[in-house]
Amino acid sequence: MPDSNALKQGAGLRQQEDLTLLHEVSVATAGVSRLEMCIQCGSCGGSCPSAADMDHTPRMLFAMLRAGIRDDVLRSNTPWICVSCYHCVVRCPQNVHIADVMYTLKGMAIKAKQYKDSTAPDFSKSFVDMVESFGRSFELGLATRHYLTHYPLRLPGMAGMGLGMLTKKRMHLVPSRIKDMEQLTAILDKAKTLELTE
Amino acid sequence: MNEYILYPGCSMEGSAKAYNDSLMAIKDTLGIGLHEVEDWNCCGATEYLSINLIPAYSLIARNLAIASKQANSTRTVVAPCSACYLNLSKADYYMDERPTLGQKVNEALAAGGLHYEPGSLEIRHLLEVLVYDVGLDTIKSKVVRPLTGLRVAPYLGCMVPRPDYYNRWSDHEHPTELDEVLKALGAEVIDFPLKTTCCGGHMTQIGPETAYELIRRLVSSADNYQADIMTTVCPMCQMNLDAYQAETNRHFGTHYQMPIVFFTQLMGLAFGMDAKELGFGLEVVSAKKALERIGVELPETQAPKKKVEGLPMPQRRLKKTATPQQEVEA
Amino acid sequence: MSEKFEPTIIGFTCNWCSYRAADLAGTARVKYPPNVRLVRLMCSGRMDPTFVMKALAGGADGVMITGCHPGECHYIDQNYKALRRFLLLRRTLAGLGIEPGRVKLVWASAAEGVHLAAEITKLVEEIRALGPLDWPTWNGHEEHQPEPALEVTA
Amino acid sequence: MSAEEKTPNKKPEKIGVYVCHCGSNIAGIVDVENVAKWAGEELAHKGVVIARDYKFMCSSLGQELIEKDIKEFGLDGVVVAACSPHLHEKTFRTATEKAGLNPYMCELVSIREQVSWVHTDKVAATEKSKAILSGGVHRVLYDEPLQEMKVPINPNTLVVGGGIAGIQAALEIANAGFHVYLVEREPSIGGHMAQFDKTFPTLDCSACILTPRMVEAGTHPNITLLTWSEVESVSGYVGNFNATIRKKARYVNEDLCTGCAVCIEKCPKKIIDDIYEAGLGYRKVVYTPFAQAVPKYPVIDRENCTYFQKGTCKACEKFCPTDAIDFNQEDELFNIEIGNIILATGYDLFDARKVTNYGYGRLANVFNSLEFERLSNAAGPTNGNIVLRDGKTTPKTVGIIHCVGSRDRNFNNYCSTICCMQSLKFAHLVKERTGAEVYEFYIDMRTAAKSYDEFYQRVLEEGTLMVRGKVAEVTDAARQPHEEGKLIIQVEDTFAGKQRRIPVDMVILSNGMEPRSDAKETAKKFGISCSADSWFIEKHPKLDPVSTMTEGVMIAGCASGPKDIPTSVAQGAAAAARVLDKILQKEVALEPIRATVDEIKCSGCRICNNLCPFNAISFIDDLAVTRINPALCQGCGTCVAACPAGAISGTGFSNEQILAQIDGLLMVA
């Protein structure tokens, strides 16, 4: 029997179609995604302010979901370029919860470690770490940590701005922390054991 | 006096301090009482949602649960920050639309002894409360120093008029609420075509090139319309357009100097309040020049000192321009 | 585990929409549990609360009332009257100590076979969760008696 | 009326039960032999004397079996357990009648659609079949022999709406020799079609094909043309309707007016014409909507007339050579009697201002489809020159956007069916008249009718640039120098998979169709029903598309949903055929499912009085009782359910029948 991996890559065969993918994404999305209602009209791709930087327009991504091309979907930079402006959401003639599907895809990509560029996932993770430790976000810490990892060469350029923000007291040097961190941690710990399955 | 529960959100303590200061300054004049959600936590912005769904919604819902316990005379939660407003509404709406989500979130909340019944609070944005509860007439009646002659580009950004789960806004694309407020203040309001397009959101952090292009579109359009100043309702929009304007200029070789302030600052100004008390001067692109047009003296923005901690600037210098150099040049 | 409780449910359908939806569910071979038995009325407006009482008293564990979607009634707007009666009826039932959830109102157009089947499936589960309705039985109530003719003297 | 006579009919005593196998359709899941056997034994006490099962009950052999049994056993009630009554109730009732038993003594209960086709558990299905059959047997005991009612038909017809559908319907009936009242609320008949320039796919001139029909309708001896008129109210029932018509004051005496149009020429006041010219042109205050208007008499628009506003002017009166201007005219109300009604009330154009991202109303050079029709019409405000809003510049690039307000859950969820062809027609006209570069932005190209797709091919050949994608926005916010001063159409070209920004000079929106804004009131007035969208509902969407649930009221054209011209004409003719069929029958039979009031039991509480949407219920003051007009009653039974005294009974669906059926259904646990 031929090695299936070799078949996949070597013989130029297409990836196995994964027909459960659409359902999987739909179920994991908050609210009722209505993904199955997409008519491929492209009003999302047309509306997107950052479409030029995307690997695939959102519409194409939905077609790929339908076709079950899992790896390409999860590797696509599209969800990471989404700016959550909701233009596509209000214009979608089928009321698909497009922005929320993008969040779902990001989550799935992180879980599968399938993203091409780690900048965005890392930023999200740093943000979450911060919230989980302090209960509030802490802009200076976040920005510094993030820029140090991903744009070390930019940091000096940005320093002026950062300092400006600091001197204007628009950034704090120390994070503020909520009082009942214990409660928040308990909630989040419990939440992490739960998943949307149906 | 209208009473509300206030969910300030993290940026009101930090980058959007001017928003907070000005809101606190005008609230009594407008007759609104604001009671902060006790020990509120971060709403997760646009980041937490991509990491893990149930924790993200539980994080938001903790605030809702606390607020609903607090709700005595009012069940309206006011959020001045767009992202917070959207996240709170979204959790409230989806917990109802997708009952399984509601159940799971409440299961998590129970670990902290909390519970939230979707629909039990009314989540609204500050601007909408000011327009529809306080009313344009009241706002107009408080104006003592009309902003006559100030050309303002009203800028709402995305997350206030969209997705608008409860259909509260006049339109998703060209809502008129902010324009009406500014007109009531006596300002000259330009018909800003990009008033609800995106400022780049978190892309300034994760994909700066994408963000710079979005910022450029906004600033250049406002400049084409010869706006003196832009005004916004959103901390993220203010931050991106203000703090990253110089970076954007550098990226495109442009020289825009478009100040952007919060609408509450302009309200306070029209109500005759002291500019400093309203947080003027905290903006990176100074609003001094714009406000001089209407005879308002602003304190000098403190330019950062020449001495910078960190490495020297490797980038090309900006060409000399007529407008004063930006403080980020340092 | 003990045998699953199989509730008996009487469904009132409108001749023009929900009865046809049931027909359509059949034609499309949509499957649903066999617990519901339908009575055809010309319109949900014909639904006399007495019918519901009769059904519950006669051994049904639940009742489903169906009609055209609001605004689509074949008799203009009689389904709104059904809605009002339904709301009143639920209150009456609650007053009698019966779970109002035993009576359900469902809108289903003639095109919504799948929807009707899904609603039936859901209702069966809901009634199953409520358990059997033990309506007190009064002997002599076994069969409907026509009302006695009025004696009127001129 | 004595109590004696009110006693219910004798209950049936000998009932025959027939269980159908429907081949394996039923028998595959339901143990039909067992069901029949059970009925014969367990329902014997209810009067079942014979219970059979048979392969195909609806076959002629099956029917004969019932007929034979009725005669042989003297059956006085029949219950068939087979398919849905909507399929074969008529069949079995006819068989019953053939054997000499009243057809309404036959009940058909469904064990196919409601049992064998939807359940898989054979035991449960068999038990449910027994319950359903038992319900039928219990019910048949309270069935009463009913007679169909015959009512005579008035041969006159009312046609409401003088667009192409209404004109067609009126002409068909008039040509067959019967009288028609054609009512139109605008000053002229012609409808939307009169506004169009060319008609797809043949591109023949709309006016050239429509005007002869208008003239024919205007001069036909069998047609009474009532323009500038509206139907005020309707009462009665099929064959015998009475309608009150309001003939609005024209302020022009039709007997004296020669249609010379001098008054129009002399009128000093011009206003924007937002009906006929779609807001793109002007008209005088005394006006006919267009030159070929039928009738030719003008109308004075009272709201805008200087004389009516300020008391002076009267220019029209001064110059009228025949003294036809009459400022003292008043609205006229009169009644007509008709047997049938055809509603051809048409559609409204979707208001594109609702789609704010397309900028209509904000960006000058965004036009809607009717505006473009007027712009391209040789008789329109620009004499057919396709120019920008400045009135002079010819566009060099034009973008046409499909599905504006249609196929969109934010606006209307349906497809307006005509917009693809309309847009292709626009593309052709723009190309032909201006040579401009034309883009079409579509979601799906729907050209499914005779010669339609060939037209699409032709437009492709002409070099129209097709972009498959729903346009996201039209903006004047330029990002690049070449976009300055243009309208930019931002769209995902879904075939290229790329977002594009296409600068154009002019944008044409292909707006969808909407129901008339007053469609709900119209429906209510004529006693028919509307969908949630407000389109009129057909009796059957496929098999009876021009009838409604209200006998004697037909619908034609766009009032029941978007349609093109050929379909509207076909519907007008079809509705006319329906009406002629009724007229020629001279009388109609009404289904005997009716409510009746037992006046002795009626307490005169009047609770039922406001419940009837068909105005069948009236209160007799003298006797303090309520009465129901059996010809108006449609049999919904709402009043029956509402009567607190139990005084109203509904034939075919009486309380006794339904309560007994419930008993029967619950007989099997």
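Which chain is which? They are A, B, C and D, in the order written, and residues in each are numbered from 1.
As a convention for this text, a residue touches a chain if its C-beta (ideal position, glycine included) is under 8 Å from a C-beta of that chain, and two chains touch if they have at least 3 such contacts.
What you are looking at is a predicted structure, and each value in this text was computed from that prediction instead of being measured.
Q: With centres defined from CA atoms, tell me which chain sits nearest the overall protein centre.
A: The most central chain here turns out to be D.
Q: When all chain pairs are ranked by how many C-beta pairs they have in contact, which pair ranks first?
A: After counting contacts between each pair of chains, the winner is A-B.
Q: I'd like to verify one number: the distance from the centre of subunit A to the centre of subunit B, where each centre is the average of its C-alpha atoms, in whole angstrom.
A: 23
Q: At what distance in angstrom does the C-alpha mean of subunit C lie from that of subunit B?
A: So the centre of subunit B lies 53 Å away from the centre of subunit C.
Q: CA centre of subunit C versus CA centre of subunit D: separation in Å?
A: About 31 Å separates the centre of subunit C from that of subunit D.
Q: Let me have the rounded angstrom distance from the C-alpha centre of subunit A over to the C-alpha centre of subunit C, please.
A: Computed value for the inter-centroid distance: 48 Å.
Q: Touching at least two other chains at once: which residues of subunit A meet that condition?
A: 52, 87, 90
Q: Give me the residue numbers in subunit C that touch at least two other chains, ranges are fine.
A: There are none in subunit C.
Q: Give me the residue numbers in subunit B that touch at least two other chains, ranges are fine.
A: In subunit B, residues 172-173, 217 touch at least two other chains, as defined above.
Q: On the basis of the stated criterion, which chains touch which? Give every pair.
A: Result of the pairwise touch check is A-B, A-D, B-D, C-D.
Q: For the complex, give me every residue of subunit A touching subunit D.
A: Checking each residue of subunit A against subunit D gives 39-48, 51-52, 56-57, 59-60, 87-88, 90-91, 93-95.
Q: Please output the residues of subunit B touching subunit D within their complex, sorted ascending.
A: Those in contact with subunit D are residues 171-174, 191, 193-194, 217, 221.
Q: Taking the complex as given, what residues does subunit D use to touch subunit B?
A: The touching residues are 356-357, 362, 473, 475-477, 479.
Q: Once bound in the complex, which stretches of subunit D touch subunit C?
A: Those residues of subunit D that touch subunit C are 3, 6-8, 84-86, 110, 112-115, 117-121, 124-125, 127-128, 131-132, 135, 142, 523-524, 527-532, 537, 549, 593, 600-601, 611, 613-614, 634-638, 640-642, 646, 650, 652-653, 655-656, 658-663, 665-666, 669.
Q: Considering the complex alone, what residue numbers of subunit D touch subunit A?
A: Going by the criterion above, the answer is residues 357, 403, 407-410, 443-444, 468-473, 490-494, 497-499.
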